[in-house]
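The letters A, B, C and D name the chains in turn, as written, and every chain counts its residues from 1.
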Amino acid sequence: MVLAELRQFVAERDWSQFHSPANLAKSISVEAGELLEQFQWNDDADLAAVSEELADVLTYCYLLADRLGLEPHHIMLKKLEQTRTKYPVSKASGRSTKYDKL
Amino acid sequence: MVLAELRQFVAERDWSQFHSPANLAKSISVEAGELLEQFQWNDDADLAAVSEELADVLTYCYLLADRLGLEPHHIMLKKLEQTRTKYPVSKASGRSTKYDKL
Amino acid sequence: MVLAELRQFVAERDWSQFHSPANLAKSISVEAGELLEQFQWNDDADLAAVSEELADVLTYCYLLADRLGLEPHHIMLKKLEQTRTKYPVSKASGRSTKYDKL
Amino acid sequence: MVLAELRQFVAERDWSQFHSPANLAKSISVEAGELLEQFQWNDDADLAAVSEELADVLTYCYLLADRLGLEPHHIMLKKLEQTRTKYPVSKASGRSTKYDKL
């Protein structure tokens, strides 16, 4: 349903011409920066502002996935399987160490 | 179902201690940079690599949403309503101009 | 001298063909993400690693400036004048508030 | 001279309390995102806007270097030596391939 709404929003504005994968990847970084700005000087951030910026990042992620024929939940679950292997519970429990230094 | 899997993955590793909203916002930016790297020098990127990096961005977005009690699809739809108002079809059609210059 | 070295490095490899302003802007974001990764889970970071990633960000900044005919120290000083006006000492002292909310 | 100006600017506003290395690293990513935004939908960007955003990235880079006792030009030259080794002219000439795939 989200995807249908996003597609309609883009189609109504004839914006798919701007949504090349590279432009969408840039947009994700731009919006991730705006989200990070909410936490720039301290760890407390305004929930409403964070919610809006997070929504922007997610929206461009969904548009990129759709453009590439990928399904968001599917690729998340697939990647999670890989991450489980890279970070086995026995080694990674309670540690934030990167896998190549575990 | 994705959310349940993510929660279990984090709980098994006792990683929620690292997942402050600020750290998750940083993580989203870090992964957005890795996604962008796939398009650094040209617009063609390897689909498998893009899929993995996009999954990482999405995963941290979902973890941040969950941490803050937000539901991803809900905040996307809510933001979409605001964006519809900022970019009315009559003005924004076929143009990539930012709303404050439309 | 740094600039001369950078130019020679790029020329020897025939890389200026890849260094469009847009590609360099992407590169700055990519490297900024790698720098941020050093602080992803905590505020203590390895100095040698931070130094290398910071050098990468700076290098792409210098390459972009050079490409656009800008001089790094000049544009920094020029922007500083603007920021002084946006953040007058009397209002901004000891506060991290953004100028539009001061 | 740039450094002296930056230090005075920060001291006058009593802002060094906010300038932890982690906060400065976040700031670099935030500003890199604003720079990238100038190239979000196409490769032509307004020179004045790019100059300002690039100045912001550079300023935070200089502040981070200063905070960590690093000298910008020194670390750039040091890193350049490493990059020369990673990308020998004979292999890297005219190619944008990452070193681990050269």
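Here, a residue touches a chain if its C-beta (ideal position, glycine included) is under 8 Å from a C-beta of that chain, and two chains touch if they have at least 3 such contacts.
Remember, predicted model here, so these are calculated numbers, not experimental data.
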Selected pair, greater C-beta contact count between C-D and A-D: C-D
Option in B-C, C-D or B-D whose residue-number contact pairs overlap A-B by over half: C-D
Rounded Å distance, subunit A centre to subunit D centre (Cα mean): 24
Whole-Å gap between the CA centroids of subunit C and subunit D: 2
Subunit D residues counted as touching two or more neighbouring chains: 18, 26, 29, 32-33, 36, 39-41, 96
In the complex, subunit C residues that touch subunit A: 26, 29, 33, 40-42, 96
Partner subunit D, residues of subunit C touching it in the complex: 1-2, 5-6, 9, 12-15, 17-18, 20-22, 25-26, 28-29, 32-33, 35-36, 38-39, 43, 45, 47, 50-52, 54-59, 61-62, 64-65, 68, 70, 72-73, 75-80, 82-84, 87, 89, 92-94, 96
Complex contacts: residues of subunit B adjacent to subunit C: 18, 23, 26-27, 29-34, 36-37, 39-41
